[in-house]
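Please find one structure pasted underneath; my questions will follow.
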Amino acid sequence: MAELNQIIGALRLMAETIEKNKEHLTELDGAIGDGDHGINMSRGFAFVKETLDKGGFQNAGDLFKKCGMALVAHVGGASGPLYGTAFLRAAMVLKDREDVHAADYVQILKDAAEGIKMRGKSDRGEKTMLDALIPAYEAAADAVQQGKSAQEILNAAKVAAAEGAVGTEKLVAQKGRASYLGERSIGHQDPGAASAALVLAAVADYFAAEK
Amino acid sequence: MAELNQIIGALRLMAETIEKNKEHLTELDGAIGDGDHGINMSRGFAFVKETLDKGGFQNAGDLFKKCGMALVAHVGGASGPLYGTAFLRAAMVLKDREDVHAADYVQILKDAAEGIKMRGKSDRGEKTMLDALIPAYEAAADAVQQGKSAQEILNAAKVAAAEGAVGTEKLVAQKGRASYLGERSIGHQDPGAASAALVLAAVADYFAAEK
Amino acid sequence: MKKLINKPENALDEMLEGMTKAYPTYLRRLDQTDVLVRQDLSADKVGVVSGGGSGHEPAHCGYIGKGMLDAAVAGAIFTSPTPDQIYEAIKAVDRGKGVLLVIKNYSGDVMNFDMAKEMAEMEGIQVASVVVNDDVAVENSTFTAGRRGIAGTVLVHKIAGAAAERGWDLDKVKETAEKVIANERSMGMALSPCTVPAAGKPNFSLAEDEIEIGIGIHGEPGTHREKLVSADAITQELFDRILADYPLKSGDEVAVMVNGLASTPLMELYIINKKVHELLEGLGVTVHQTFVGEYMTALEMAGMSITILKLDSDLKMLLDDTADTPALKVIGTK
Amino acid sequence: MKKLINKPENALDEMLEGMTKAYPTYLRRLDQTDVLVRQDLSADKVGVVSGGGSGHEPAHCGYIGKGMLDAAVAGAIFTSPTPDQIYEAIKAVDRGKGVLLVIKNYSGDVMNFDMAKEMAEMEGIQVASVVVNDDVAVENSTFTAGRRGIAGTVLVHKIAGAAAERGWDLDKVKETAEKVIANERSMGMALSPCTVPAAGKPNFSLAEDEIEIGIGIHGEPGTHREKLVSADAITQELFDRILADYPLKSGDEVAVMVNGLASTPLMELYIINKKVHELLEGLGVTVHQTFVGEYMTALEMAGMSITILKLDSDLKMLLDDTADTPALKVIGTK
C-alpha cells in the first residue's frame, strides 16, 4: 500500500529519470522522428515537478489530475496528449482515494493503455509507447494473479516494459513520425516506448529503495 | 608597323591569355572584390574572339570598335565599361587606318587611360587597372623618345604594366569594390591591374613570336 | 550551426514578440499564450484557426489576416502546440458561427487539436476540423498515420480563409477546405539538414554530393538518398511522383507552389518553377496561379517542395480573392 | 556548395524564364535580352528602371509592377548588366515622360547605367538617375567609390515607384528618390559566405564561431570579424553604427527593414526585429512600417541587414500607397 507522499516521491524520481535521459531520448527520436522527444518530456516533467512542489493535493486522484494537466499543457507533440491521457486515466482510477494498492496499479496500466489507444488510434505492434505499456500491464496482471508481492508486481511491469521497448527495434513503425520511414524504421528503438519503460522503472525503483 | 591580320593575331593571343588566367584573376578578385573578374573578362573576350572569327573589318579602327562593343556588351561589372572604353578610344585613334605604328600604340595607351579616368572617375594610385596602364604608357612614351625599336616599345609597356600590377599590392584601394575594404585591401594585387598587364603582355608576346 | 538567437529557450517567445511588433495592424498576441490573433476580427464569419510546431515561419502566424487565418497557435520548435493554447485561440475567434481548425497530419497535431476541439465543444462552441496530408512521399494507408501535411497547407489557409471571408457557413468552409486537400499533392527534397536550437546539432547529415528525397519539414529523414543531379532531373522526379498519385489531363487547371525550405535561394526556386511549368505545358495543363517563395520552411534547411493543386471554378475564385496577411498578399476584387 | 541548378552558365536565363512563367500577369521578358518589363505599362507616367547583378533575388525583377518598377535589368551573377541591355529597358518603358534609373552604388553599376543613359539621351529620351548608397559599413568620402547600395534600395523602388504611379513628373520623382536615399542607412553582417556558381567555391570562409560584420551583398569581405554573440548584441552593434551616422531623436518616425541575406530563417529575423523595435522605442522613435523578410539577398549567404529610413508625411504617404509586384505587395488606398 502506498500513501500520497510515497506516490509524490515516485513521481519525483520519474521526473529526475526523464531529465537524466533527456539526451538519450532525443537521440532515439533523431534517428526515426524529429529529434525532440527528450526535450518534450523534460519540459513536461519539469512542470510535473513544479506541480509537486506546489503541493496541496486533496487525494491521489487530484494529484494525478494536476500532473496530467501539466503534461497535457507543456509536453506538446504526440507524447503530450498521450502521457497526459495516461495520467488523467490514472486520476480517474484513483478518484477520491488516499492510498493506492497493487490492484490499482494494474488498473491504471490498463486504463492508461486504453486511453492511449483511443487518443492515438493505435494499438500494440505499431512501434509506439504501447509496446512497452501493454506488456507491462500484462506482466503486472499476471503477477497479481500469481499472488506476488507489491514490489514484485512493480518489478514485473518494469522488466516487461524494458523488454517491450527493446523489442520495438525489430518493428516497422505504423504510427507517429517514424511511420513515414516505413521499413527504414527497423533497427531503431521507439523513443516513446523507451520513455515509458523509464517511467515504469522509476516507480519500481522508488519503492524498492524505500524498503 | 603592324597590319590588320597581325593586330587580329595579337587580339587572339589576348583572348587566349585571359582565358588561361581566368581562375587566377577570379581568385585575385575573390580576395578584395566579389570574385568574378576572371569570369567577366573571359566572357567578354570570348565575344571578342567571336567578333574576330566573324571578320569583315573595314580597317583597324573598325576592328577595335567592334571588339570594344563586344566588351561593353558582354563583360559587365566595372571592367566592362572600362575595357570597352579603352578599346573604343583605340578605335578613335585608328579611325580609317589600315596599319598601326609604334607611335599609335603610345597614343592608344594614353587615350585609353584618359578614357578610363573619365569613365571611372579615377586616377593613378587608387589601386585599379590604371596603375598598370599609366606606367605602361609612360614607359612606352619614354622608349619612343629614346628611339627604341617597335618591339622594345611593346616590351617596355609590358614590363612596366607588370611592375605596376605587382605594385598595386601595397596600395589602399580607393575605387571599385576593393575600396570597401580600406586598409584591408593592402597586400593584395588589384585584379584589373593584373588583367591589364596580361593584355599588354599578350601584345608584346605576339609580335615577339612573329619575328 | 550558427544561429541568430539569444537563448534557445526564449526563441519562440522572442519570435512572437518580433512578429507582433512588425505587424501591429495585422495581429496581436493573446496574453500569457503563444497564440496570435487577427486584429480586425470580423463579427460575422466562421473563424479559421491553424497552428503547429514552430520553425516553419512564416507558417502559420504569418498568414493571419483578411482572407486567411483568424488565429494561429505556435508550438515549441517542431512540436505541436498544446490543447490549452489551441482552445484559447478557438475561444478568441469564435463569433458564434463556429471555427474551422486546419491541422497538418502529424499524430501530435491531430491529438492536441482534437483535445482542444473537445474542450471547446464542451463550452458550446461549434468546431470543425480538416487534416491536411499532401505529402506523397509518404505511403498512404489506413493502417498507418498516413501522409504528412506540408506546404500545401498554405493553400488550404488561403482558400478556406477566402471562403470564410465571403461569409460561407462552417459546413461549406469545411467542405471547401476538404476539396483543396483532396485535390492537392506535394513532394519535397533536401540538400542539407537543420538543427533544432535546443538540440544543438543536426539530426542527420548528407555528403557534399548527396540529397535526400521525400523529406518532410522537420528534418525527419526522407524516403531515400541519391546523388545530387540537375535541378531539372530533381524536378522531374518529384513531379512524376506527384502525378503518379494524382494524374492530370490536358485541359486541367492548376495552382503551383514551389516552396523553399529556407536556405535555398529564390533563384534556384525560379529555375525549378520553369521546369514545373514546362512539364505541365507538356501535358496540356494550364497554370492559373503560381507561388514561388518560402511559405512553409524547416528552420535553416536547404531544399524545396513542389505542390500542385487542381482547381475548379470555385477554387479559382477563392484563390483569387484578396488576402491581406504579412506573408501572403493577393490583391483581388473581393 | 550544393545548388539546385542545371548549368551555371544557364542559371540567369532559366531564372528569368522561371519568373516570367510564375508571374505572366506582372511581367514579360524583352526578346533577346535579360530585361523584364511590366505587363500593364501605364501610358502616362514616368518610367522607373532598376537592375544590377543577379544573385539578389527577388531584387530587382521581383519588384516589377504597379507602384514600383516598370523594368529591371538582370546582369550575370554579381555583375552589373551591360549598357545595351539597360538601354533596351529604358526604351521599353519610356512614355515620353522620362525615365528614372535607380542604381546601387557600385563602380560597375554606375558606369554601365551612365553609358546606357548617354545612349538613351542621344535618342532624345529624358533620363534621370539616382545612386543608392545606404551601407554605413563603408566609409564615405569623396576620394573613394563611396558607400555601397544594399537593401535600402528596395525602399527607393517602393517610394519612387509610388511617386511615379501618382503621376509626378521626372524631377519630382527623382527628388523623392533622393530624399529616401538621404534619409536611409543600412548595415549588414554574415554568418556564412556564398558561392558564385561559375566560380564553384566560396570566396571567403568563417570559423564555426565567427561572424563577419559590415558585409555587402556580394560575398565581399566586410569590415571586420568577431566571435558569434547573441542576436541582441549583434543587433545593438549594427543599430549603433547606423545611428552614429544618422542620429534619430524622440518623436521621429521611421520605416524598418530587417533583410535576410538568404539562409537565415525568418524566425531569426523576427527575433532581430524585436530588438530593433525595442531600441527605437527606447529612443522615443515611432515605427510607421516594418519589413521583415528576404528583399535583397546574396545567393545562399546566411546573415542579415538592418535598414532604417526616416519618414516625413510625403514618404509615409508613398510608402503606404498600393504596390502590386510579385515580391512586395502593399494594399493601400491609392
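In order of appearance the chains are A, B, C and D, and numbering begins at 1 in each one.
Simple rule for what comes next: contacts are C-beta pairs under 8 Å (C-beta built on N, C-alpha and C of every residue); 3 or more make two chains touch, one makes a residue touch a chain.
Given the structure is predicted, the values throughout are model-derived calculations rather than measurements.
Looking at chain B and chain C, the chains that touch each of them are D. Comparing mean CA positions across the assembly, the chain most remote from chain C is B. If you average the Cα atoms of chain A and of chain B, the two centres end up 77 Å apart.
Separation between the centroids of chain C and chain D, computed from CA atoms only, is 28 Å. Our note on geometry: chain A versus chain C, Cα centroid distance of 32 Å, whole angstroms. Chain pairs recorded as touching, per the definition above, are A-C, B-D, C-D. Contact residues of chain C toward chain D in the complex are 2-6, 11, 14-19, 21-23, 54-55, 57-58, 62, 191-192, 208-209, 211, 228, 230-232, 234, 262-274, 277, 287, 290, 292, 294, 297, 299-300, 302, 304, 322, 324, 329-331.
Listed in rising order, the residues of chain C touching chain A in the complex are 53, 75-85, 106-108, 111-112, 114-115, 137-139, 143-145, 148, 196, 198-199, 203-204, 216, 218-221, 223.
Residue ranges of chain B in contact with chain D, taken from their complex: 26, 30-36, 39-40, 43, 72-82, 119-120, 174-177, 179-182, 184.
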